[in-house]
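Chain nomenclature is as follows: A, B, C and D, assigned in order of appearance, with residue numbering initiated at 1 for each chain independently.
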Amino acid sequence: MLDKNGIAKRIAKEIKDGYYVNLGIGIPTLVANYIPDNINVVLQSENGLLGMGPFPFEGEEDADLINAGKQTITMLPGSAVFDSAMSFGMIRAQKVDLTILGAMEVSEYGDIANWKIPGKLVKGMGGAMDLVASAKNIIVAMQQVNKAGESKLLPQCTLPLTGVKCIRKIVTEMAVFEVDVENGGFHLVERAPGISVEQVRNATAGRFIANNDVPEMQL
Amino acid sequence: MINKVVNHAEEAIEGMTDGMTLMLGGFGLCGIPENCISEIVKKGITGLTCISNNAGVDDFGIGLMLHKRQVKKMIASYVGENAEFERQLLSGELEVELIPQGTLATRCLAAGYGMPAIFTPAGVGTELAEGKEVRDFGGKDYLMEMAFEADFAIVKAWKGDTAGNLIYRKTARNFNPVMAMAGKITIAEVEELVEVGELDPDQIHTPGVFVHRIFQGNSYEKRIEQRTVRSV
Amino acid sequence: MLDKNGIAKRIAKEIKDGYYVNLGIGIPTLVANYIPDNINVVLQSENGLLGMGPFPFEGEEDADLINAGKQTITMLPGSAVFDSAMSFGMIRAQKVDLTILGAMEVSEYGDIANWKIPGKLVKGMGGAMDLVASAKNIIVAMQQVNKAGESKLLPQCTLPLTGVKCIRKIVTEMAVFEVDVENGGFHLVERAPGISVEQVRNATAGRFIANNDVPEMQL
Amino acid sequence: MINKVVNHAEEAIEGMTDGMTLMLGGFGLCGIPENCISEIVKKGITGLTCISNNAGVDDFGIGLMLHKRQVKKMIASYVGENAEFERQLLSGELEVELIPQGTLATRCLAAGYGMPAIFTPAGVGTELAEGKEVRDFGGKDYLMEMAFEADFAIVKAWKGDTAGNLIYRKTARNFNPVMAMAGKITIAEVEELVEVGELDPDQIHTPGVFVHRIFQGNSYEKRIEQRTVRSV
């Protein structure tokens, strides 16, 4: 069973040299800590920055320099600042190679719900609807089950949708899945260390697909 | 050059009346027009529709206007971090329209560029698509979204000249340039107001033609919402 | 009868303090020479400049600084450079207060033709179609008759149109007209010095409207 | 940062083949990618569709490609000043599609911003509107125009860094930024190529994410089409 950092570490392996990457809030933010030193990756922050660097040292915070999570950040050499229209322009035009974000639910057809719970106060979708509708390559980072112990990988989402047929890969504390958005199904491609196929199956409510021999993930 | 300078926020918001629609630049508390917000609060203009990515926090930014119940409707992409906002929303005092951040930015751009509508994939297949035209281009569905209209657009820039040319600093740019283009009347407050000729024409982010009134603000607090640092 | 400079001089009187103005090629370019010193006007060049100044002095030409007519120019203090999308964005959004351009024909309903003559080589419309379709305030500067002596103010245009119902004012060597785009008609509002209403009427093929007392223009 | 540097124009146009669609930046002869044009002429790639505001002059710019009959179709807003162009057009060797300058720019912007189509009033009621969807918004008619697609976009900037960030100089900016965003592969040739960190992040006109290949050009002629001066 992976912890949050384990999930982030596994996702980091999906990042290739030369990628522009957008990291959502939560576990996705942690992914930045595990990007290998030997590849060049540029982080996009949808409030208008390419080339996001680490948090500043104490005393070097700049109120004019924040990320999409409103945290103080730094810029790396070669950064570029732009306005919100251009930021989402490049997202819609698929100039960002990989988007990593969290989810409340994902359906076996790749639908995602991560912005609204009926009856609870809704804070808004921020840039999530633009990102999921636009990106060609999205990885969802999330827990396999919710706090009530119910699977978040469902035949269909019960919560209001953020986007449809857009999620093709999911990494949880138990497994890595590829989503078959055409025929519907969570295809188990890797197990977390010590986790059996049966355990994953039991924690997956939607259509579950697994070959005989599912490898354990390498971290 | 045409001189756009007004003396202060009070003069800048002249003609702003109850029930108007305002655009306010900024992302979170970063790059928000602090001086104009203070003045609107002071003047007590009410029944406002505010188009802004966020709604401030309880005691800063648009939160100050909410606190005085000046906002009738909020159009934003994300409105967390604001207890008074929640209270008004739940009590029905405040109307809220949540729209995707990119749609928000592009509807401003459309207004500034004289395009009545745009197409975006954001929201297709969700409750956001209800009542909207969905259209297939090349096998992918898009929603048609309309350009915004705003009586006033209020933006914050770093430097500006007397002709209204603006330069923003770092990620305080965000929505400011697109909103600056979209107001029937656009007000720019700047940290430093300079004479024409002092800004490099190649480096202007917002040409003065879009700006109707400009003034040098003061006492910028520039509050940080999430102070995050790394260890040495 | 006005010469080209006279037409430009008369048009210059339409320019008000605080106007952003786009000047087309030909007679409109000459208008810049007659803008009064006591008003502030900014010239927009649709290739991407606000604040166009006069031609450079010999030896100070800059290949990177031209106007929409591809002429070397200068920039005044307070200028701003931008790309072609923003340039036509501000035109479409009616941020430019006044557009002055030439025409081959104008109809009594304010249609304009100025880009194409069938059978002759067509060079293109450049920015003219965007300008006439977008601007709220357009003045056409042109000769009352063509080289064959035929009126260019017509019941309807014979040449392919550049835009429809968009021209509300015309200044020629003989007169100033307001165009009634709703009911159709060239309303004579001023005569050039020494020109009679009858002379103007004879040089106007479209519906001609004149009050009893048409003043002579003041230059 | 991701390094986008290639050694020269020859390497930059690798993969460009007969029959492709190219966007070429510039207005008249101002801000045109001289080095890439020379290389395309040298390589003799043919059957090209070129999207560019103008078609150069007889012996410069796209005129050089026309002279070698490499252009099958020209999409432009204005094509005067070119005798060879006229000859090929009249003889039927060359296909030409003339579109309004603002429509040209905005169709590039649409491609760069992932918008499949835009609405513009330009051309309403003219022969340009034939076969196109006309739509009323707020009592005014607009044409729906589609985003461009281009296999290569080739732009010229003043300065660029190894990450592909670009800064343009004066009115040599023109169509370059919008085309830079619109190519499946975007090539930037620059007068001065610098290391990352040398350009101010606030002053980048084209962020490097849009640029796939960049090189420092040489021997820029920067020809002036209409040399106009005033008397002392």
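Heads up, the rule we're going with is that contacts are C-beta pairs under 8 Å (C-beta built on N, C-alpha and C of every residue); 3 or more make two chains touch, one makes a residue touch a chain.
Source: prediction; values computed, not measured.
A.B. asks: Per the definition at the top, count C-beta pairs in contact and tell me whether A-D or C-D has more.
C.D. replies: Output for the comparison: C-D.
A.B. asks: Quick one: report the Å distance separating chain A from chain C, using the average Cα coordinate of each chain.
C.D. replies: From the centre of chain A to the centre of chain C is 56 Å.
A.B. asks: Hey, how far is the Cα centre of chain B from the one of chain D, in Å?
C.D. replies: Computed value for the inter-centroid distance: 33 Å.
A.B. asks: Distance from the CA centroid of chain A to that of chain D, rounded to the nearest Å?
C.D. replies: 36
A.B. asks: Using the average of all C-alpha atoms in each chain as its centre, how far is it in Å between chain C and chain D?
C.D. replies: Going by mean C-alpha positions, chain C sits 29 Å from chain D.
A.B. asks: Send over the residues of chain A in touch with two or more other chains.
C.D. replies: 49, 75, 81-82, 85, 88-89, 91-92, 134
A.B. asks: At which residue positions does chain B touch at least two other chains?
C.D. replies: Only 106, 113-115, 120-121, 168-170, 173, 201-202 qualify.
A.B. asks: Take each protein chain as a node, join two nodes whenever their chains touch, and name the resulting shape: line, ring, star, complete or other.
C.D. replies: Per interface graph, the chains form some other shape.
A.B. asks: Write out all the pairs of touching chains, ordered by chain label.
C.D. replies: Taking the chains two at a time, the touching pairs are A-B, A-D, B-C, B-D, C-D.
A.B. asks: Would you mind writing out the residues of chain C in touch with chain D in their complex?
C.D. replies: Checking each residue of chain C against chain D gives 45-49, 54-58, 60-67, 69-73, 75, 81-85, 87-89, 91-92, 111, 121-130, 133-134, 160-165.
A.B. asks: Under the stated contact criterion, what part of chain D meets chain B in this complex?
C.D. replies: 106, 113-121, 137-138, 140, 142, 146, 167-170, 173, 201-203
A.B. asks: So in the complex, which bits of chain D are touching chain C?
C.D. replies: Result: residues 27-31, 53, 76-80, 86, 89-90, 98, 100-106, 108-109, 120-128, 158, 168-178, 205, 222-230, 232 of chain D touch chain C.
A.B. asks: Residue numbers of chain C touching chain B in their complex, please.
C.D. replies: Its residues touching chain B are 18, 20, 40-42, 44, 49-51, 75-82, 85-86, 88-96, 134.
A.B. asks: Give the list of chain B residues in touch with chain C in this complex.
C.D. replies: For this pair, the touching residues of chain B are 1-3, 111-115, 161-163, 165, 181, 195-197, 201-202, 204, 207-210.
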